[in-house]
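Shared between the two complexes below is subunit A, which pairs with subunit B and subunit C, respectively.
The block that comes next holds the complex of A and B.
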């Protein structure tokens, strides 16, 4: 019983949300995180000099790293906007990976069905198909949540592995490229690809999709009542009911758009970067999107800004993985630590941790 | 002879997942969901294998993974119960961190240790049998514990209504920290079993979804100890028989079989199954100083 009494002494007490406290905690968190990331990366690299050279050479040529970062940025930003939108409405979309893969599958199947389509139509239709596939994958779980009470974190999380195995089956079986020795689908037709912008490395026209999407999102956020409705629903579904609006429909709408955006992200990764369907098409964008979305706090500009920072971070890590022998799995550790730092920081901004005096 | 081999494969598939499922069951009945099983499984496998091959003593590996599990279980409890952070985010965050750390650790291990798998000494299968018996006994004892003993009822009550338990004088936090620590230790032990007793080596894809699978099995069995036992046994049989079926030339793609537990699990949480109800406190934080909503 002594232990039980000791455990009960630890508690979290609400502290005033004073500006200096909020800022100090956030600043301290950011500094600690940056130092931790650099230390982790540096200690796992072959030697410190290779590490520094890798970073400096990576960022020496603007013509190199800007296009490289956009290749990461575009799908990541779309997925993050999607996850953030659903989060705002009170729906945790952890199934980004599944929707990314399904979106890519949707576009790819369309390309298989209509191989003769010309360029602007083919790309537009493929994006629509990707959106629909992703939206269905997410909307299903919102219906299960609202009508059957199934916790969406669990169902969307599990859908990731379900879809991953399903795609593995497809690319290893029905969709497998018979001429390749690798387990992958055949390459995508030229008409469906996002063309590379000449002179800008791997940067491609998919950035147009992101720009259009972001503008639509900004208008949605600033000029429509739907965004207010989403926020209201996330904070208090009863308030939405009081407006004689069905909260379930708000969640359904948000989750459809959320899944659709993730699906588009998947299609952009396929048609803009990799050109074929593989099991590990997404390098974890669906999971990074959760972190980007929560740090972005649901607003479009902050989410985009956070996505830029993450694209830079991922690009830097790719560089030191390639040049300085840092294990690629560091990415996963940093993602996890980032999530933990984020939640603890959120708590400490408004609460303080105390050991209750006797 | 074929039957003996079959039984051995059943043990190799079932025992690690069984241990992980046992840990998750303990946690979930106390109202805690740990979404980091996969990562902890992997970290346990990596640490267990590394220390076993460096020192040559499997028990050194076992003891160190137990210590590591207790430590991480304590941190997990602190974050969700004292800091009152979301169980989802903390679980996923710790899971990703553990996966990243385990695989990074593996990359930094010198190649001569990596290439030498542990030799078979013959006692592995004996230990697996002992562990399987322990596991069965453990599940049966857990079923009795949850339904027929006062302490077990308190444990279940913490998972159903922590406030009521607190009013009755049940040490809520003690039970929740106990669940976190024992649960996490069991995930780590599951990893140790997988790398040291089953595979005798560590590879990057060693765990490959077994942690998520354990979570699924607990949920689709309706959080009941005997149901989880049955689910683990059924999954082992399915997994082993599909290998046999493929050996016999029957083309059922393994990937499609892997999707089955996830489908069943998603179906199970949608409430269409009779007598399938989650512990009420699942995912909720309990603060004794705040008024009930």
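The block that comes next holds the complex of A and C.
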């Protein structure tokens, strides 16, 4: 109780940018980079030259790394736009992984229900189905937050594990491909797949979905007051109430769109890349999307730019993991450290802790 | 303790708030600090309390130079701070605060000023003024030699007038130096032994003379008669003609649209409940309300957003369809700048963050936003609280024009001066200690039996 009381007397106050804080942030960045390098070198038997060889070979041919990065970029950017939108409205959507899996499931079930549908309709309907599945998965938790006061960070985070096990059950049971020895569903029908662009490796037409979505988001941001509404709601719901707008409805709307976009990201990963439903369909896009959204700061262009950087980073790390024998868990550890540095940096740049005056 | 400051300066970003403040505060006196909204009163008190550190200058306590790295240092030096907005954690209660005080700060027990709540009742059930009284108790429990009070509002309430009189006597008896910011010039001249005024970032002493009001701002704190209402000349016919407020255990209160009404109440927590219930009741009936809470100036504003963002949505809500902008960015910026100028918000930059504004300027911004919002009824709860004379003139001008636009103005106040000012121009009722409405402004003398 005493600790809680003392903590409650602390307050995060705005402060001017002072040199010692800037120096502290620089120092923290250097320390984290050193820790990351030490961790990588400690967990692999290879020397530093193996890393250089791996990175240079991964970026040797434009025809290889551009399509590979795009395959990562498209679902990651969609999920990041979704998570960023909800965050702007004051809703932390940590359940991106669950919504990605459910979105993929939605599209996949539609394909199973309507196997004879022709190409443009099949893809459009599948995207809509994925959006609805993802939106429902996220909307449910926003209702729990607004009507029952359940903390969305906890509920959406736990939903990831719930859905992961549910998908594991489905692909191991009712949806399992009887002809395969792997635990996976049957292959997706041709009409539902995103066609690959010839001469560009694994790059596929799903990028069109991202372009259309981004343009819509940019128009919403620039030409309407929705963006301001979300920001004010995230800042102070009472400010929105004062304008006779229900803040709970704003949160519900934002969470539905957020979940929907994550669902679409899941479908794009399934129909554009993997073609079958598996338990580890997403290599962690739902979690990386949180990082991208935080760094993207809720604006469309900055989020897309951050997603490009992350796609390049993930492509590089994947190469290093594959070629230099770095454990796959190091990827998460380094990205987590990076986020920590960024968040602390942002806070320290503008705020300082002071004891509440009593 | 004789507290003296020498050449104190403080700059936020590019804005120089304090420009070399030099003053001496004599021991055992009650010092009143006057000044316009945003003139630097709060920043000055926060520097004395160790919340902010000055860019330049020094603080001397009994002739010795002191440096407060944190508020805890100031408390150890015998300086207690009463904040403008109470910081009390909503889930805490008096018992827990007492526990923290005894453990962490050289304090005595909490003095008994408040009897309405039990000691284990959480602070979220307290009204704003009750929280202020608790803050005052906490400050006194630290056995201060200097007490810094930033716009104490409970001292103006009928309910706590006795408490305030007792406190003033206690300060003088104990030789406690009190430095408090104040907007009410009459109260300042009665209660304070010495007056100081902030002008352009500098503090100068002010002689206590009878023409204080005209010497300081030339403000009137009175309401001129509203413009005559011609029903045929209204820009649009009122959507509804009458408003009724139904609150628990009280007879319904009816208000005409267009018209001006004022409800005065001074009994806590009855008044607190009445305000909340009235607003909720009118909202539930679908009345298009614009509400300004002078008693909670920053609760309804988005603090980390800009002034423009806070105003933009109100503007577009009135002028747009489905959130699509039907007025250009440049037009909306012009409209925003017009209202910023009209209400005298300082600094007048639309890109400025609301959290950086002073309390009075936040109050002005809430009025500016309400003026852009399309509504049937404007409810102002303690509209003058925290405003200087120029601010009062600007917001009153807007308020009394409401009926001319076919709208209703309802002023809910626990400040008798506000109620008296609006008494002459509209329907005024007061709630007595049982919540029964009366057509006079002296609810204290009414008993429930003769109701």
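FYI, the second predicted complex is superposed on the first by the 307 of 358 C-alpha atoms of A that agree within 3 Å, B and C clash if a C-alpha of one lies under 4 Å from a C-alpha of the other, contacts with A are read in each partner's own complex, and residues count from 1 in each chain.
In the analysis below, a residue touches a chain if its C-beta (ideal position, glycine included) is under 8 Å from a C-beta of that chain, and two chains touch if they have at least 3 such contacts.
Quick caveat, the model's predicted, so the values are computed rather than measured.
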* **More subunit A residues in contact [subunit B versus subunit C]** => B
* Which partner does A:92 reach: the first (subunit B), the second (subunit C), both, or neither? -> first
* With the two structures laid over each other on chain A, which partner does A:244 touch: subunit B (first), subunit C (second), both, or neither? -> second
* In the overlay, answer first, second, both or neither for which of subunit B and subunit C A:304 touches. => neither
* To do: In the overlay, answer first, second, both or neither for which of subunit B and subunit C A:336 touches.
  => first
* Asked: So, does A:236 touch the first partner subunit B, the second partner subunit C, both, or neither?
  -> second
* Asked: Between subunit B (first) and subunit C (second), which, if any, makes contact with A:154: first, second, both or neither?
  -> first
* Asked: Which holds for A:228: it touches subunit B only (first), subunit C only (second), both, or neither?
  -> second
* Would you mind listing the overlap between the subunit B footprint and the subunit C footprint on subunit A? => 1, 8, 11
* Asked: For subunit C, which residues are in contact with subunit A within the complex?
  -> 12-13, 46, 49-51, 70-72, 74-75, 80-81, 83, 87, 89, 92, 96-97, 99-101, 103-105, 138-139, 142, 283, 288-291, 299-305, 309-310, 312-314, 316-317, 320, 323-325, 355-356, 366, 369, 373
* Asked: Touching subunit B in the complex: which residues of subunit A?
  -> 1, 3-4, 7-8, 10-12, 44, 92, 94, 144, 148-151, 153-155, 157-159, 161-162, 165-166, 168-169, 172-173, 287, 290, 294, 327, 329-340, 342-344, 346-347, 351, 353
* **For the subunit A and subunit C complex, residues of the former touching the latter** => 1-2, 5-6, 8-9, 11, 13-14, 16, 223-226, 228-229, 231-232, 235-236, 238-245, 354-358
* subunit B - residues contacting subunit A, complex -> 33, 35, 39, 78-79, 82-86, 88-90, 92-104, 107-108, 171, 173-174, 177, 209, 212, 216, 219, 253, 255-256, 258-259, 262-263, 265-266, 269-272, 278, 282-283, 287-289
